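Structures for review follow.
Below are two complexes that have chain A in common, paired first with chain B and then with chain C.
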Partner chain A sequence: MSRLLRSLRDGIGFDTLLIILALSYLFVFAGLPLLYNVIISFQRVDVFSLGTLWHPFVGLENYERVFSDPLARRVLINTLIFTLGSVALQFTLGFAAALFFHQRFPGATWFRGLFLAGWIMPGLVVGVLWNWLLSGDFGVINHVLRSMGLIESAIFWRSDTAWSLYAVMMANVWYGMPFNMILLSVGLAAIPDDLYEAAELDGANAWQRFWTITLPMMRSTIGAVLALGVIFTLQQFDLFAAITQGGPAGSSTVAQYWSWELSFREFDFGRGAVISVLMIIVVLFVSLIYVRSTRAETRL
Partner chain B sequence: MSSAWTNRLLFVTALVLAGIYLFPLYWMYVTSLKTQSSIFAVPPEFLPGVPQWQNYALIWDVANIPRYMWNSLVIATGVTAFTLIFGAGAAYVLARYRNAWIDVALFLVLMLQVLPPSLMVTPIFVGFASVGLLDYPRFGAILAISAKTMPFFIILCRAAFMTVPRELEEAALVDGNSRAGAFFMIVLPLARNGILVAALLIFMQGFGEYVYSASLIADNRLHPASIGMTNFLQPNVVNWNAIMAFAATYVTPIVAAFVLLQRQIVNGLTAGALK
Partner chain C sequence: MTAQIEITDVQKHYGNFHALRDITLSIPKGQFVALVGPSGCGKSTLLRSIAGLETISGGTMRIAGEVVNDMPPRKRDLAMVFQSYALYPHMNVRDNLTYALRLKRVPKSERYAKADEVAKVIGLEALLDRYPRELSGGQRQRVAMGRAIIREPKAFLFDEPLSNLDAALRVKMRKEVRALHDRIGATSVYVTHDQIEAMTMADHVVVLRAGVIEQQGAPLYLYERPANQFVAGFIGSPAMNFVPAFTGADGRSVTLEMTTQACLPIDLQVASDRPVTVGLRPEHLEICAPDTDGAFPVTIGAIERTGSSCYLFSEEAPEIIIVTDGATPVKQGEVIGLRIRPERVHLFDRESTLSLRG
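On to the complex of A and B.
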């Protein structure tokens, strides 16, 4: 016993204790829910059977009901558009900003840091801000677009089924862009200057230097940033809750919002769990790519 | 073009870009200080008129701001405490060793970082309901949010521990410290700045959290300010000055902390984010 105590204080037992503390916490509050999620996706769980740990099994019924739901197709398409669109725009704008701030002018780092003010805001507040910016009659965005001559009449971003998903996407691009920029800036800073100097001596112009040095040297960073972008976009929930609530008529419902709605609006936790299980598989697959690309870079 | 002029041009461009990007924040503060009639002016009044500070006083009690802010504070503090206590030690071990077991642990932590809360909340709600944790909803929410923030915290903190030279810890051991002693007396204080920045980021996440709180906490008296905002939004959907005053009250502490600690936050993030 005293040997165990001594090891805990002054040996390998100390390290083991520290790591076990965190891993067991994560096992109880993340690992177990993951497994439980799979189980309840095969069960009927409603408000009446909530209090018990085991619920009646219904086989694949929940899965069948999710796939035959008329909303399923819409949600799948919305999720794809929202994720790919958000990631593409966040990445492009973030990369452009990172390249811009990589030019060393006085105050560049400070200005770059300012952009993170968007990223640290609570998602729900960002959503409410954009809700106001995108307002149909009195929104600033409509006013600016109209005075630039880009639109004739006001777009009802939040209540028009053709625009609602893009309204949330706009807010999400604003919200996620700074993180892309910061990560890409780190990658840019890691490229040795003499590579560019050598290329310049060889007569390569800025465009050629970008394609032959910057992009190839940034490959693993770009992989990690894109994967993280997909992961964070699939986590986005607050903006939907604050701007469109998935509506109108499901036109801006994405998978993670639908799952939550089924569970906490319709109290059909079994069907909520089905979407949850399927989406988590997707997320874990993407994060494998992310972990692999960071490993390649730093050898964890 | 001389380099001084290039610099000036770049500086002005940066100023314009930052101005465009931060416009939503500016618009929040300006709207919150407008009268009811001037928020609906066409064209919009981009410059503030006479500031209507009473907008803030008016919503303070009507919207239950003190209670909501208090609940957000409780949740953020609880989340930070749990995350720190359970996560800091693990980050240290993950920084100190490099072997197959550590790789597995790190892999698990990285994978758990990515689980979307809106998807995890279904099994957590059902599980908490069946073991009775929903009777203590705020505590339940803190437990669930901490599981979400911990992996991110471990990654950031690990980077901070990696900057502490091994020699200093070994010297402390030679001087007769136990492993635990060297950890608490030498390593923790030396990695203090990185840990504090990571803890601050976790605190901000807890302060603004929405999904778990909205799903696990049924009692309105225990709701944090994020839910308070949605509750306030629906019946007041035309009073944008009042809504923006609520939003400004809610985020000003976060924005202030960010302005004061901008450099440290950016450094902490860039050190940990990709490693």
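On to the complex of A and C.
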């Protein structure tokens, strides 16, 4: 008995216990729901059979119905545009801001901190805020564009099918940019000053220093930021709910929003699950990139 | 000989802090100059000002005849070896060496041929494909040097390059750096806080304190004729002993203000009854019988034997350190006599601390 206790306390027994604890948590609260979601995607689940744990299997029927849906093509394109556009803009603006605050001027770190104010707000609040900004009749954005002479008449951002997706994207870029900036700032700060000094003495101008020192030294940070950006953008739900509700006519519906609509509006949980399964595959792939780039970080 | 680096009345202010004051220094082509001083003396600031990494607040700085006050570092054509080596972690040794050439758009084949050539000079042929993280401290040091010499710059700047190496390697690299300097006929400015490094490597030593050049000259000249008490105490190891004293009535001797009030003959004529500080180098003191003429007695408080030499510490205040032969048969508590040749006695004015030897 005492031997068992001792091994539990000092030996590998205790280590094993800790691993089991962490693993069982992950299995119960992440693994099982994920698995159940995958199973549901092969079953017929409607509002009447919702209460039961097990439902009739229908094979790939849910998948076929999702892909043959007239909205599927629109949603795929929207998701691609929204994700790539958001990540690209968040990243470039975030990087530019990080470089800007990396210059030593009074209050630089302070101002950078203030930028985080946007990021810590709840998504729904940000959505409401942007609803006001984007409003067709009295929105500030239309007012500014009009006074600069860029547009003739008001753009109805949220109800114009040509603009609705970009309206949400604008809000999302604003929302996610500070996070990009902070991560990239940390990466910038980790590059020792003497590398820049050495490069400067070696004859590199500011542009060459950026391309040959800053960018390669930031490679792992950039990989992580882009991967996280894709993951977070694919999780973005609040802004859609608050600004366009996926409309008008599905013009701003993206995969994650469609999945929610199918499950909780149409109560077709099978098809909702299909979309989440497809998204899980994408996110898994992106996570792989993330893990790889953070691993490279520790090696350098 | 033309001056490769010419510094005239250079000033550097950081806000209210005056980091460099009236620095004037001329470095002829091919010379190895050491900037030495305690930490915070401004030696690194001076080196970084030469490099252009700090902008000077006043005076003129010329490199190869050209005024460079407002010239950015990349246009000065100087190479610098950093204390941290500052190797590019994302490039292998070959790319580290040839980075400057790549910026100058030298074709790749030419660049790599040059890297091979330099690698041979500094003994890195086998390591060209390694990354800095895969190198030892000494190897990194060599890459940093190689990166400097591959460019054939107007001058080399060294910022305490050996301070991160262990003692044995430091002694070895000291010789190598100097040999490399001689082989390529370069002009070098070398910052160190270690006076031994400065003395052994340099042709010309500049001693700085609090942003001011205290004295400059050939290493042995600084050792033999220190201009003031600070230089006297800084150059030489162990440091010079300082004893307060008064000059004698005849101005040809000094009376030490120790318990024994001993009188030492000196070889120069000074004003009588003047308060001075006498400087006695530990290695110049000879042990004799306590009652010898012209000697003063001390009691031995502690003995450190290193085998090759023997350090004796007196019990009196101020403490006197004596360096003698390792086999000196002395015991703790023993009273010994110390004498010194009159021409080896250093005299400093007690107020101004300037040497009275002029």
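The criterion applied here is as follows: the second predicted complex is superposed on the first by the 275 of 300 C-alpha atoms of A that agree within 3 Å, B and C clash if a C-alpha of one lies under 4 Å from a C-alpha of the other, contacts with A are read in each partner's own complex, and residues count from 1 in each chain.
FYI, a residue touches a chain if its C-beta (ideal position, glycine included) is under 8 Å from a C-beta of that chain, and two chains touch if they have at least 3 such contacts.
Keep in mind that what you see is a predicted model, and the values were worked out from it rather than measured.
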| item | value |
| --- | --- |
| Clash-or-fit label for the pair chain B, chain C on chain A | fit |
| More chain A residues in contact [chain B versus chain C] | B |
| Centroid geometry (CA): angle chain B/chain A/chain C, rounded to a multiple of 10 degrees | 80 |
| Which superposed partner A:P56 touches (first chain B, second chain C, both, neither) | neither |
| Partner chain(s) touched by A:A199 [first = chain B, second = chain C, both, neither] | second |
| First (chain B), second (chain C), both or neither touched by A:N37 | first |
| Nearest Cα pair across chain B and chain C, whole Å | 10 |
| Doubly contacted chain A residues - partners chain C and chain B | 300 |
| Chain A partner contacts - residues on chain C that touch it in the complex | 51-53, 72-76, 78-80, 82, 84, 86, 88-90, 99-100, 102-104, 133, 147, 151 |
| Residue ranges of chain A in contact with chain C within the complex | 192, 194-195, 197-205, 208, 212-213, 216-217, 219, 300 |
| Residue numbers on chain B that touch chain A, as the complex places them | 6-7, 10-11, 13-15, 17-18, 21-25, 27-28, 31, 39-40, 42-44, 82, 86-87, 89-90, 92-94, 96-97, 103, 105-127, 129-131, 143-144, 146-148, 150-151, 154, 178-180, 183, 201, 204, 207-211, 214-215, 226, 229-230, 233, 240, 243-244, 247, 250-251, 254-255, 258-259, 262-263, 265-266, 269-270, 273-275 |
| Of all residues in chain A, those that touch chain B in their complex | 8-11, 14-15, 17-19, 21-23, 25-26, 29-34, 36-37, 40, 45, 50-53, 97, 100-101, 103, 105-118, 120-126, 128-133, 135, 137-138, 140, 143, 147, 174, 182-183, 185-187, 221, 224, 231, 234-235, 237-238, 241-242, 256-257, 259-260, 263-264, 269, 272-273, 275-276, 279-280, 283-284, 286-288, 290-291, 294, 297-298, 300 |
